[in-house]
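Chain naming follows the written order as A, B, C and D, and within any one chain the residues start at number 1.
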Amino acid sequence: MSYTSAEMMTVAAARALGGGDICFVGIGLPSAACNLARLTHAPGLRLIYESGTIETRPDTLPLSIGDPELCQTALTTVGVPEIFRYWLQGGRITVGFLGGAQIDRYANLNTTVIGPYSRPKVRLPGSGGASEIAASCGKIFIIMRQSRRSFVERLDFLTTLGHGRSGAERRALGIATQGPVLVVTDLCTMTPEPETNEMIVASLHPGVSREQVVESTGWPVRFAPVVNETPAPAAAELEALRDLQARTARAHGSAGAE
Amino acid sequence: MEFLSLGEAVERFVADGDQVAMEGFTHLIPFAAGHEIIRRGRRELTLIRMTPDLLYDQMIGMGTARRLVFSWGGNPGVGSLHRFRDAVENGWPAPIEIVEHSHAAMANAYEAGAAGMPCAVFRGYRGTDLPEVNPGIRFLRCPFTGEELACVASLRPDVAIVHAQKADREGNVMVEGILGVQKEAVLAARRAIVTVEEVVDELGPRSPNAVILPGWTLSAVCLAPGGARPSYAHGYYGRDNAFYLAWDAISRERESFLEWMRRNVLEAPPGEAR
Amino acid sequence: MEFLSLGEAVERFVADGDQVAMEGFTHLIPFAAGHEIIRRGRRELTLIRMTPDLLYDQMIGMGTARRLVFSWGGNPGVGSLHRFRDAVENGWPAPIEIVEHSHAAMANAYEAGAAGMPCAVFRGYRGTDLPEVNPGIRFLRCPFTGEELACVASLRPDVAIVHAQKADREGNVMVEGILGVQKEAVLAARRAIVTVEEVVDELGPRSPNAVILPGWTLSAVCLAPGGARPSYAHGYYGRDNAFYLAWDAISRERESFLEWMRRNVLEAPPGEAR
Amino acid sequence: MSYTSAEMMTVAAARALGGGDICFVGIGLPSAACNLARLTHAPGLRLIYESGTIETRPDTLPLSIGDPELCQTALTTVGVPEIFRYWLQGGRITVGFLGGAQIDRYANLNTTVIGPYSRPKVRLPGSGGASEIAASCGKIFIIMRQSRRSFVERLDFLTTLGHGRSGAERRALGIATQGPVLVVTDLCTMTPEPETNEMIVASLHPGVSREQVVESTGWPVRFAPVVNETPAPAAAELEALRDLQARTARAHGSAGAE
């Protein structure tokens, strides 16, 4: 079965989630990956959205973080102060799933501005829940399309702490959680190098060359001693993803929804 | 608490220069009330909202706001808020001051406001750049563990405006579904306006722990059926996701935005949301 | 989460010397679990509870506790807790250390524990003598207003034990009515045991905002119908106010207390509350 | 109609409550007075108990602060952290109603110990909600039986701040609420003297002499320039109170309940 690089990315991200995980889900690509995991190999996966919906089981992907379907299929729904205090800050979440406009080699993220903060060239949405998600979840997965514009040598703004500007800030700040342990792109997967915490390429998606990854990365990207090929999406994975996306497009009244 | 028309409530309880918190986390966004504020030409408002979405995009684009306090400004699942960006990037229709937080900070600041506290203490902002651009983010030490904790001033808006499912004849308001920070915003504010889908004789059978804002915590309750559209009201109508998608094109250019606002807000009858 | 008999749950999750929070604010007090702890002879416990009432009077009188953390120790509406007083005033059956707070402090400390915070900040204790006798009460200044605020360490018990109405087959527990600090106690604790009136296939139709403790926040769920008696379970059975009144005479003297405990707890079958 | 001094006390306390009040109710005498007011002249009175029940309308007096009737007749019931944070500390309560084991001339209360704290002669229940009720409610009413043992020159322990040990502590501590504005006993009512905040006798219940009050007060009690006679309980007040107490006794399975 043929597939797109976006499908490869979503499938690779979904596979990283286990059935025992309790996952704090961001909207867009993370939401697609989390729900795909729940609908395939990890039916026990518990999804929590920052809108307060706990153990939600949507049949279509929500467009927003608080679509009706999320509440209707949830075990229960709590207020937003509670979700941030008892559930996120309280340390109940095993995996947080994030994206961003810019990422650096230590998996710090920028979703605030391109250009200077006071006179931005592009004003992005801002932190939302990300700053505290990155610190409070047991570990963080990041899913982003890879390009020189988004995988940058230096962030214009550090919205969300990965491993910090030197790679060692988490420990220095007394943050006990693991931080970003996986970056999934449309080209490859990356994991932090032991000791340095620099994100290095762990696997290349089928048909992707090292040169393509180098070309698409704004820093001199490095590769793990052994780089595997990411297993291609299985037919069952692709079917589940496409069904989900078709249901979603119908539900949102547009084929354009992701 | 008084039952008022939305127009009268805005006239009496929202003044130029006020700090206004219109909340609703995706769900129950008070569009009808926001449109009424636009129609009445309120100016120089400090708009407070965790997730300024289409409603604040509209209000900013129509020049009601001098300052925005927020933690995530986008069209959820769609992309940018073009009017918000135009104001920040190009100062159109007027420059806007921004006071930027994370969601956790704003949720805690509303909670602290409802609790009558001067500040909120939580674990946040560690290792990020936001404290460098927002002097309202401070840190203090836990006297027991020595841990450094984030501290922000509590939010105490002049007026909070929220939408809810129903009120009884005493003005007790019941909210169900995604609750967001609406209860906190109302209890944190000096004045509060609630628009509702319907006014009923009795709230009727319900959980003993139903989320209810007693009438005596409110300034005004206004009947505004459909008042959250294109957002939604759990149990009443769904979210108009197609409109959220369509907003991207409507709002991208100033002209198409203004034309849409003229037809759908300025010249629309009061109390009606699109 | 595992479904266990109450005996097995206590055996595995409550150890000598543990900090144990058994909560329930008048409603849903986990008597059956407390009696099981007495039967199994647990010792040197730090008992935490806002309102140590008959259950803790019994546990203290039977010598399970080394320390009590509390904010109001009486038989509500009736008078003294005689066993608590005998321990504090006369050291019988053993001296007991007390760590005393106000309700607001304990409620905030549980909330902070559930929120993963090292401490709770609130407005409290001003002008009172408690800070002089409890070194765990500190003060800090709001960095924005300079106001002096009270600060107490968060409560993080080794184990929380609560009673609730029902659990589904996944161990998701639903609580209704007077909620007290049970949810906070469970989320603040390292381990949690919940006794329930019944286990059902599905929690069934309910408010979208029903108070539910997901199974994965719990260590054990134990079926214990009537497990809150003589306290009560909203929707199941009422409060045995006559017994609360009768307890005054039963507990006034050591002999009548011990005799009652022997007959009604020590020699009663496990899992059954009076 | 004849009546007891306890009935006079409860009726006098009930009268002080207005229909617009939002009242934080303690158990025992305060609960009887608040519910009597609600059942007679102040049907609009809103009662909140620290168990989380908001706008409760019990038909009988609760024995405890969390009897089933309180929740069953409430507008809604919230958790205990919320009641203390949003409703009490949030400044939503106009009147707090307290009692105590000891009171001094500045209406400070002791409900903690008789004797030294570390070796108490009598261990009392402790603060419960009282410390923060006294600071956060708009004003405080106190209801207590009067005797030299309970109206003392010096408290063994200051559990709950009235006007402080000098009468001027509230302002010094930056507490903007009024504190105790009324003490109702079985002999008289007292209100704070302007300037000093010392509680002085404002009215004597019918048949009570100044000497009785002096005899029953552990400090040299003073009287207002004009001391009125407390109006005797009206028949309607007494009937409502007795009906309430009879219903309560039946409900609690004992005639002994208050």
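Following the convention adopted for this analysis, a residue touches a chain if its C-beta (ideal position, glycine included) is under 8 Å from a C-beta of that chain, and two chains touch if they have at least 3 such contacts.
Note that this is a predicted model, so its numbers are computed, not measured.
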item: Winner on C-beta contact pairs when A-B is weighed against B-D; value: A-B
item: Centre-of-Cα separation between chain B and chain A, whole angstrom; value: 28
item: Interchain centroid distance [CA atoms averaged], chain B/chain C, Å; value: 39
item: Distance between the centres, which are taken as Cα means, of chain D and chain A, whole angstrom; value: 57
item: Sequence positions of chain C contacting 2 or more other chains; value: 111, 115-117, 122-123, 147, 177, 179, 183-184, 208-211, 234
item: Chain D: positions in contact with at least two other chains; value: 71-72, 77-78, 85, 89, 136
item: Set of all touching chain pairs, with the criterion as stated earlier; value: A-B, A-C, B-C, B-D, C-D
item: Interfacial residue positions of chain A with respect to chain B in the complex; value: 27-28, 50-53, 62-68, 70-72, 77-81, 83-85, 88-89, 112, 117-118, 120-132, 135-136, 157-161, 164, 169-170, 173-175, 251-254, 256-258
item: Contacting residues of chain C [partner chain D, same complex]; value: 25-27, 50-51, 70-74, 76-78, 80-81, 84-85, 88-89, 100-104, 107-108, 110-111, 122-130, 133, 147-148, 177-181, 183-184, 232, 234, 238-239, 241-242, 244-245
item: Contacting residues of chain D [partner chain B, same complex]; value: 22, 46, 54-55, 71-72, 74-78, 85-86, 89-92, 136
item: In the complex with chain B, residue positions of chain C that touch it; value: 115-119, 121-123, 138, 140, 142-145, 147, 149, 151, 153, 176-177, 179, 206-211, 234
item: In the complex with chain A, residue positions of chain C that touch it; value: 111, 114-117, 172, 183-184, 187, 208-212, 214, 216-217
